[in-house]
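Alright, structures below, take your time with them.
Each of the two complexes below includes chain A, the first together with chain B, the second together with chain C.
Right after this comes the complex of A and B.
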């Protein structure tokens, strides 16, 4: 017998202020169906999903409504009954499998732990069940993978093992909390497919929390769109994607798919529309001719003990050659571990390169940070991925911006005040932000401050390391717009390190694709992404989820041939 | 561009996370303030000269004339305790300040410098930590003599090894963070990074550590005095007062209990504050300290 998971008028308030952070949520998860909760961070989607496990974060309280599973009132469970319920009837798959596994215990022990805690079957039966799950989830070496430790398998495998862990006690429903967000796009495709097969094969219900509409379109039956703790839209995947009713849903759809963005005339004109729809006009708008501002010649970076020739034992980057044209936005894409962040660190001097040259305006930059002059340091600036940890929590915005101005330009007194006001204006923040501390700003505002700090050094080139990947879709687009306008207004050159193909497609003029420390392909964004020549680029492009039902199956069909080619190439 | 701004949430004013004390914390503060007042004004309030023999009889029970009775030589214990408080607290405070400044300085320097500097400092520190503190203190003081500066500096240096550990761990966390990386990429020197990027963010846990270290310093100095290596007669800190009156316990008087209670109450008061702060600030400071 299969049970429905029902949320009825669920309202959750903060303990201290009494403010409702989730308001009047009602939806139903039928057996065998996947309901996706979509929304930006802070919309309450995780809070709602966790109530299905009878969990409410401390500091919050359910003030109204019920969550029931069949006849069970989940919110009324406590103590032994709650422990008995969790894991066995509804299980949980967390976002970061790497953080969810205990590094000191073998995988097999942890996967079977749920079943053994609930004392289901004999040890041998549990083992047999786990092996079956490994096979279903297409994990390699099912017989021995359980003997390994979490660090001995890949991120994608670990995420699948986490699903095996959730399934080990045979639950009737699973809560997935952004399970593929931390994975590379190429890995994400495989993991999504196995999740989908698993859910369908066992006929279990699932709540799938995500901020990525294109991912959800592949796996869900229904979509619930949350904004500020309220359901703004609820319907089948086809309804929500093809006929969105609410303004916010339309915004999300436009933001998550450049192809659709160009077709939706009502939305504000973004760079993406220009780039995708009309390439000839695009070329006119951006004069990218002229000498390259940054030239990278035969760059090699590595770490570990060096041999007699001065080559380190582990080589991360091999013979990188890149020309970054003045006033261009140049993307470097590739999966994690491909060396793209190392490239950025080598350019700005944080990581030494042992061979090759970095030429800025024709002048060679030293591989050693300490040998570079202040002016040289100022002309190459880096913006970090996590806006939160890139700003010192003890400093006001004023201090964060003042120091680089004074340090690099040597200006003092009121000239610096003027520059701070000017920088804030350039990143489109009000001047009174200067008095605030970083924690008083939103994620998007912090990222603007990061950009402003980079501008303080009066750079020629700004290296952006995944600057948009930690942001929600809508905020991300605002930052993309800002980078675009900074290039237009100030004539800056940007290098965008990214794994997010849709950002790259929307923003960048040129792209370099990195794979295992090599640049495997480079050229104009449009030609490279539309007609990739290298097999890895093709695989990467096919892995970017499209906002279209049935895309996943297509991608998997192509997958086999691509993998062959990548291995050969 | 207007749309890009309006689509982001307005600036959220998050109130500063004030570390407010709970009831237990206030009890701790009251105990500390009490002892601090005595340390300041004790000499003025004391009814007798602490070294004067006010009675022919030792170990007199508490009375209106002698509030805490007399000690083994017939001196007024109340006056001796009041005056001894100042000596105890000032010695412990200076020792802790030495421990904190030396330990923090070297610990943060090791963390930010990294490489062989960190390795060398950490191993030397480990070598000192491997000695039991009391034995190490006894050896040094036995060699150099029980002068007050020797006692204070020895205590400070012994505890600086633990402070080194704590501050290095705290600074290591900071050194990995992107704002330190950004400062490095800008070309900032080591000392600027230490002073501006690292220290402001580890100040609060270090302050808590200071409180805990002060307790340890008082207990350590008292232990030295109790063993006869601490403050020498006729001066007396709390530890000495316990030791010199210890024989009274065998004859059934409570004289040494009063200075012992002084030590205990001060330690408890400090711990109440530290624990309260640690739980309220939500930082797992206590775990990092020991």
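Right after this comes the complex of A and C.
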């Protein structure tokens, strides 16, 4: 019954080029132990973890080594034996439950399917087992939640339901692939705790893939650090986080702890000498620092049928009041669904507001995108989260930048060429990038182009919607540096929509905390985050994982009192 | 609840739009037949006509009245359920159409009963084993069939099976079927000719849709649960493919009713499309009008059915939510 999962000298190569994705990976997962695989995207951690289920994504091939579970040589399994192994002996929990659940089938069917295809017990026994799992995972309405479809439950619930799906056939080992990455920090705490209880309660082994050391420190016994497909460090959690040997591990540690991150941030908090001589054009329109450039007054946004007063049936934003100071970087934080992205969309006109005002330099902007002038459109620019999706894959960088310049400024000919070169220079990319297509650039370069595209409109205010959340630590820091220098050099004002508290702490001057469509707290970043006044902000701050063993249990203890306060407040 | 309301609005909206489309089409058809040179009187009387007899017949059929009056009369009759008389033969249009419609439905129904399941099956097999010999055969074969024009396909079939081999009659003109064998031998060539192009289209669409779904994360998840390949196809992929597949099937079924002019003409099959072609030749406006509206209505209804199926197959639409 008690089997070791062993990876021995595992090497996986690309089919086309033969280049190695992971090299010489060896580690052991003892029964009931949790081994974390940590590293950045592209480090091969998911590729390694999937071999435990005898699965290699198309385009890849195992060229060396073995993966065994007890006496079973997993990589040698095929056909019926492989299907029999998957799900029953080792199960899988995917990163995004929203994508991993079939939208056309009920949740209950999918959860019980693992047990039913492996013909375990009678239908009634399986159902009873599933209900028990729902309760264990603290899912509400255990009797009826299975009749719902994936889109009818929340993200946190769906992630737990996927754990139930993995557990339904009673496996000895589970591969967790970034299971909490897609969740809000406040939800992550609870889900992490239920996963931990589940693993310990059933004594199952686990491979826990993550990029977040602080999360891993709460749940794992051992940590394996991967960089570019190779193991650079392997040890117990205490060894790795307290006495890291490899410089890459030290880098990860510095980036994962909000306390350390804000302490080690090298960024000056006050702007240095303003470089007026550098760009006189900008200096003219630069107001004195500290005056609000963007004022939001009693802003209300909603959707659905409108009543006689013109109020929609579903209200997303309620009476938002914000002052964004010129040359500041202003954060808007909150969990998903709190309305922070809707706020950004309302400011730039993508979503209509039905009440209130958005004032840019004192002039009111129309709620309707079509009624705004081109100059107004240019002055408020948006940077989307996913550069991959925001940049047209069929257009060269030159074309991507040329169109907004021509549309908003009306310039033509060589003036536009000069502007494109200037924009690339501002985002610190070489000029020859202009000839390339988005897919020929790295993730960080694409995000720079995404920023350059916003700058093409010669904005006063740049709205950044989670621009760093899809990026790895090192790249993320480079983008943060860029935003900082753009503010310094060009006098731009940034509104950063983010759920990443450590980015906000390192970069932003002011912060507004949103909860259920309201701004519950705002003020200077330092004071707001260090001494939060509102109960929700406290809950949010306590939910940010700390790189310390035992933090999770502490956070859960605080949880109860916080929830009480949030409900009252 | 939300789903039911959605259906009611959808069906009401479509019915309204459908009625408007029908009315618009009737004006277009009327205008087109007014613009065409010659009229029914010339067509009926043919070569031997004298200007006097033509004028007399025009008077008798009411063709000398203003156009809007002719159209108004027809529209009033149509709305009150009277399709009028054929100008050329004087026969009742309702009766004319009913005979032909049942023939067309027979041909279309038999073709659909064979082509739709066959197309879905080979599309699914091709998607299940992408890159296999079977998949390549389906892909290339369907591409060839789609590109061959129907009249060529029909002509080739007649050349081989009717003339060279003599297995089946070259002409499918018949009023009554004496036995199943007779029915089969008369219908087999038109059915083959029609099936060729619609099977190819539906198979290609099925393959593309299912292949696209098989690339999803939830399919990878099912694979990692140990679900077998066939169960993945039928339980996990197919329910999500119903919407797009229903759409292409509906389009092809509508085509079976209205777009079979060439096949019916080549085989001299007495169907609705053949009736339409003959009516156009004799400038028989009431018949043309009625045929055109039946085709238009069949498109509208079939597309509505496809949309309803797509909604039923998608829980997000069926049960509301956003």
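Simple rule for what comes next: the second predicted complex is superposed on the first by the 539 of 569 C-alpha atoms of A that agree within 3 Å, B and C clash if a C-alpha of one lies under 4 Å from a C-alpha of the other, contacts with A are read in each partner's own complex, and residues count from 1 in each chain.
The rule we apply is simple: a contact is a pair of C-beta atoms (placed from the backbone, for glycine too) under 8 Å apart; a residue touches a chain by one contact, two chains touch by 3 or more.
Keep in mind that this is a model prediction, so the values were computed, not measured.
Overlay on chain A: chain B and chain C clash in the combined arrangement. Of the two partner chains, neither chain B nor chain C is touched by A:243. When the shared chain is aligned, no partner comes close enough to touch A:308: not chain B, not chain C. Look at A:433: by the touch rule set out above, it reaches chain B but stays clear of chain C. Taking chain A as the reference, the larger set of touched residues comes from B, when chain B and chain C are compared. In the superposition on chain A, contact of A:442 is made with chain B only, not with chain C. Once the two structures sit on top of each other via chain A, chain C runs into chain B at 222-230, and not at any other stretch of 6-14, 168-176 or 222-230. No residue of chain A is contacted both by chain B in one complex and by chain C in the other. Across the complex, chain A meets chain C through its residues 50, 53, 55, 82-88, 91-92, 94, 96, 99-105, 113-114, 117-118, 149, 151-152, 165. Residues of chain C touching chain A in their complex: 216-218, 220-228, 231, 235-236, 239-240, 313-316, 319, 321.
Every residue of chain A that touches chain B in the complex is listed here, in rising order: 251, 268, 348-350, 369-370, 372, 374, 377-378, 381-382, 384-386, 389-395, 403-404, 407-408, 428, 433, 436, 439-442, 444-445, 453, 457, 474-475, 477-478, 481-482, 485. Residues 1, 3-5, 7-9, 11-14, 177-179, 181-182, 184-188, 196-197, 200-201 of chain B are the ones that touch chain A when the two sit in their complex.
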